[in-house]
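After this come two complexes, each holding subunit A, first together with subunit B and then together with subunit C.
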Partner chain A sequence: MERFLQVVVDGIADGSIYGALALALVLIFRSTGIVNFAQGEMAMFATFVAWGLHDGGRPLWLALVAAFAFAFLGGMAIERLLIRPVEGAGTLTLVIVTLGLFILVNAAAGWIWGFTNRGFPSIFPSGVARLGGVELSVESLGIIAVLLAVVALLGLLFQRTKLGLAMRAAALNPDSSRLVGIRVGRMLMLGWGLAALLGALAGVLVAPRLFLDVNLMGGVLVYAFAGAALGGFDSPLGAVVGSWIIGVTENLAGTYVGAVGADLKVLVPLAVIFVVLLVRPSGLFGSPEVTRV
Partner chain B sequence: MSLPRKVARDQDQGIPEGDQVGRDGRARPFLRIDAGSRRHRTLRGLALLAAVLIAAGIPFNSDRVVNGQLTLVLVYAVAALGLNLLVGYSGQISLGHGAFFAIGAYTAAILIVRAHVPYPLTVPAAALLTFALGFAFGVPALRLRGLYLALVTLALAIATTPLIKRFEGLTGGVQGMSVPQPTVPGWLPVDPDQFLYLLVLSVAVPMFLLAANLTRGGLGRALVSIRDNERAATTMGVDRARVKSRVFAWSAAYAGVAGALFTLTLGFVAPESFNLALSFTFLAAIVIGGLGTVGGALLGALFIEFVPQYAERVNQALTGVIYGATLIAVIYLMPGGIAGLLRSVRRRLVEVAEPPPAGGEPTGGAVLEAGATSPGGGRRPAV
Partner chain C sequence: MTALLEIEGLRASYGPVRALHGVDIAVPEGDVVAILGPNGAGKTTTLRALTGMVRISGRIALAGRSLVGLSTSRIARLGVAHVPEGRGTFPALTVEENLRLGAYTRRDAAGVRADIARWYELFPQLAQRAGQAAGNLSGGEQQMLAIARALLLRPRLLLLDEPSLGLAPMVTRELFGVLGLVQREQGTTMLLVEQNANLALELADHAYVLEAGRTVLAGPAGQVRSDESVRRSYLGY
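The block that comes next holds the complex of A and B.
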């Protein structure tokens, strides 16, 4: 039983990391209708920035703040320079551009930092906390707490501030928003910046659990896709809940289902994506796609 | 180098291509031919014959290393062609064609090593198996549009390598499998590298001709009409489900054949060869070569074979940088890819004019380029 609870908590912690990246995907999808395939690679790049600063002797907190700022500005720059020119183009065009970005960022990171594994320090102390007689890792609990805080902050931003209202309006109806004086382009840039920031957060949370290398986020991206698909690509709440379900399922299957094991764990989210998209393409919390003829 | 371009020019004619609308006000071409006239067909046949002869002559004038590279170019070209049928013509996005390529490759390897099947039979076997699997995958994929299909196929691409490793008894696991390569028959006075090249060429040429015919015929028109406006296409009587699942199957079969040829060419298969990067590379090939063109597959294959050869000498990461930057640049600067660029050059030299419709109202001397017709090809009713 104790083992089971540990696996579940670890699963929720993993799911929280996927959730941060899934939130980034959802944020961009809601405002621009793009699934950003490069989201994970952008996050990996920002994580390397943090690693580089820390490795160069800066304190961890400073390295993290600098990496987050870098991610935020980088996300805005990518929206402005690469995405804006193809805004409103067909799905194929957008997928190719973000895939191109995926390959480009991945290779650039390899060029700058090499292709070897790096250890990345955790922001949480190692060790275990005893909760109701069950030993749980402090790191896992910390990750879950961070994600909950992020969700709360995002909720505040979008529900309680004028800026958040403007961002929602720009996503929902760009033309009307322009008419009431909202700078839609700026809101989209801001959305991409926030998404990149969330991605970077996922990166620095997951890097200590794996090893930091250029393919750090490949797996995480698939899990985040699965979480977002399960929860509904246009629902932030769904993205988080979906990612939790994915994280827990993956960990349980990896631990208890012998045929799955550690090597085929990656098939769990794939199966989930496949089944969800076939049975209920809008996901658990998403709204079905309606097209006006 | 004259070979690929000739093939490209020749086979691209008559393929409706949304982005490639003929430009007004261009200089008078050197040559003007009526489409479908005897002269047109003769020239086209001669160009094709010349291209095939030149292609067949290449391995006798280059060294073994180059022949090996060119053989791989042909292999990749067949795979890219299949992907282009799907992505370029029908507009469905697959990021997972490396998976079908892998299935074809392992089908050939397992048949040869474990069942001792003679190698010429492995190519059709791989084609049949991947056709069936592609069909089985294409039917549920019908429900998935655009992005979602991209996600599911991405999942397929990621699952390939771990799955191959898992079925160790069959696939040889991480170590991979050594496969005896085809031996040169005694009556043929050629070296092994030349033989392999000619063997792959003898499969690739019919595959290209088949694709040219598929895309020019009813299926091709139906595909393009679905890509450009699915609703209008269905209204006009195009059976969306049938056409889409069929093209998925064809496309998978092309990848499967290419995979089998890959095994025969290299004589070795290993799980790491079929990673996500392979699927991305195929997609890069068709975007850079030219989406929705038959010749673009060959041009793209040249790109993905030779760019890494030179880039890796500078830096291991340079290939990725070039691929990524080129993908984005092509989308912004020349959506038709290299084939599109070559086609516009060709149009300056040779103009293929549609003859005025017999018995119809005169079109006022307007020259209708095949590429400039409506997406539905001839299906558009006269307005």
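The block that comes next holds the complex of A and C.
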């Protein structure tokens, strides 16, 4: 029983990391109508920025804050310089641009930091906490707490502030938004910045659990896709819940299904994507129509 | 005296297709001006040109300041509120959120709250459905919401594109009653495009008739109403 709870909590922690990246995907999907394939690579790049600063002798917290700021500004710059010029050019064009961005960012990171593995420090102390007689990893609990805080903050931003309302409006009805005086381009830029920030968060949370290299986020992106597809690509809540489900099933299958083990557990999200697309294409929380109105 | 809004020699095209060939309209401060004309005359295009939604040449000035080449959001922030065909609301957002978005450019939070309360008083249907998605409202309620949304900007100039389109006659009456009330109370300047020429000329001080992208007739509403060709073409008697 204790083992089972540990696996579930670790699964929710993994799912929280996927959830942060899935939230980034959903944010951009809702405003731009595309899936940003480069989201993971942007996150990896920001994680390397944090690693580079920390490796150069800066304290970890400062390196993280700088990396988050870098990610936020970088995300806005990418929207302004690469996405805005092809806005309205059709889904395929935009998808190709994000794929190009994927390759560009990946290669740039390799060029700057090389292709070797680096260890990345965790912001949480190692060790376990006893909760109700069960030993749980402090890091896992910390990751879950961070994601819950992020979800709460995003909820406050989008539901309680004028800026958040304007961002939602700009994503839903750009023309109507312009008529009430909203600078739609600026809102989209902000959305990309926010998404890049969430991605960077996922990056620095997952890096200590794996090794940091240029392919850090490849696997995480697949799981985040699965989470977002399961929850519904247009639902932030769905993205988080979907990612948790993915994280938990992945860990349970890896632990208890002998045939799956650690090597094949990446098949779990792929199977989930397949089944969801087959049975309920809009996902658990998504609205049936995900076209832009 | 110069008018609040002056349009001179306005030309516009959608790609290779010319839609406006020279429209001249003046809207004096505090007045209601109606634009009449058959389908395809360029009425909607004229309003879209005013809020920067089509490419144009010519002169458009709001209180002497040129609007040509400005972005739609910039024009809104200068105080021009546009209720487009199709209403320009946010169907997925709640009624209350729609109204708050209407006041997006304003900084006086207390004034906005007071204005929203005032609109709920004028349109009790909106108050009952404050927390519902705007897309669930009836056609008439959506048009009320669109107009309330536009007026929450506290505009210097309100542009209305076919407010009666698709509405029952009684609902249209109510809507125009409210427009008249707003005009009397707040002196809001309005530029109105309307198929229902009778209603439009009742509310308007001045009227312009567009045909094939040109101004062909202009004058005080009473005079336009008694014009022989207008009566036959648009008033139906």
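Simple rule for what comes next: the second predicted complex is superposed on the first by the 289 of 293 C-alpha atoms of A that agree within 3 Å, B and C clash if a C-alpha of one lies under 4 Å from a C-alpha of the other, contacts with A are read in each partner's own complex, and residues count from 1 in each chain.
We take it that contacts are C-beta pairs under 8 Å (C-beta built on N, C-alpha and C of every residue); 3 or more make two chains touch, one makes a residue touch a chain.
From a predicted model like this one, the values you see are computed outputs, not experimental measurements.
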Worksheet item: In the superposed model, does subunit B or subunit C contact more residues of subunit A?
Response: B
Worksheet item: Once the shared chain is lined up, is A:Ala152 touching subunit B (first), subunit C (second), both, or neither of them?
Response: neither
Item to complete: Would you sort A:Lys162 into first (subunit B), second (subunit C), both or neither based on which partner it touches?
Response: second
Worksheet item: Looking at the overlay, does A:Thr93 come into contact with subunit B only (first), subunit C only (second), both, or neither?
Response: first
Worksheet item: Should A:Gly218 be classified as contacting the first partner (subunit B), the second (subunit C), both, or neither?
Response: first
Item to complete: Pick one for A:Leu179: touches subunit B only (first), subunit C only (second), both, or neither.
Response: second
Worksheet item: Of the partners subunit B and subunit C, which touch A:Trp111 in the superposed model: first, second, both, neither?
Response: first
Worksheet item: Which subunit A residues come up in both lists, the one for subunit B and the one for subunit C?
Response: 293
Worksheet item: How about subunit A: which of its residues touch subunit C in the complex?
Response: 162, 165-166, 168-169, 172-173, 175-184, 293
Worksheet entry | subunit C residues touching subunit A - in the complex, by the definition given at the top | 51, 53, 71-73, 76-77, 81-82, 84, 88-93, 97, 100-102, 104-105, 149, 153
Discussion item. Can you tell me which positions in subunit A touch subunit B when the two form their complex?
Written reply: 35, 37, 82, 85-86, 90-93, 95-97, 99-108, 110-111, 115, 218, 222, 225, 229, 263-264, 266-267, 269-270, 273-274, 277-278, 281, 293
Discussion item. Which residues of subunit B touch subunit A once you look at their complex with the stated criterion?
Written reply: 87, 91, 93, 95, 140, 143-148, 150-152, 154-156, 158-159, 162-163, 165-166, 231, 276, 280, 283-284, 287, 291, 315-321, 323-328, 331-332, 335
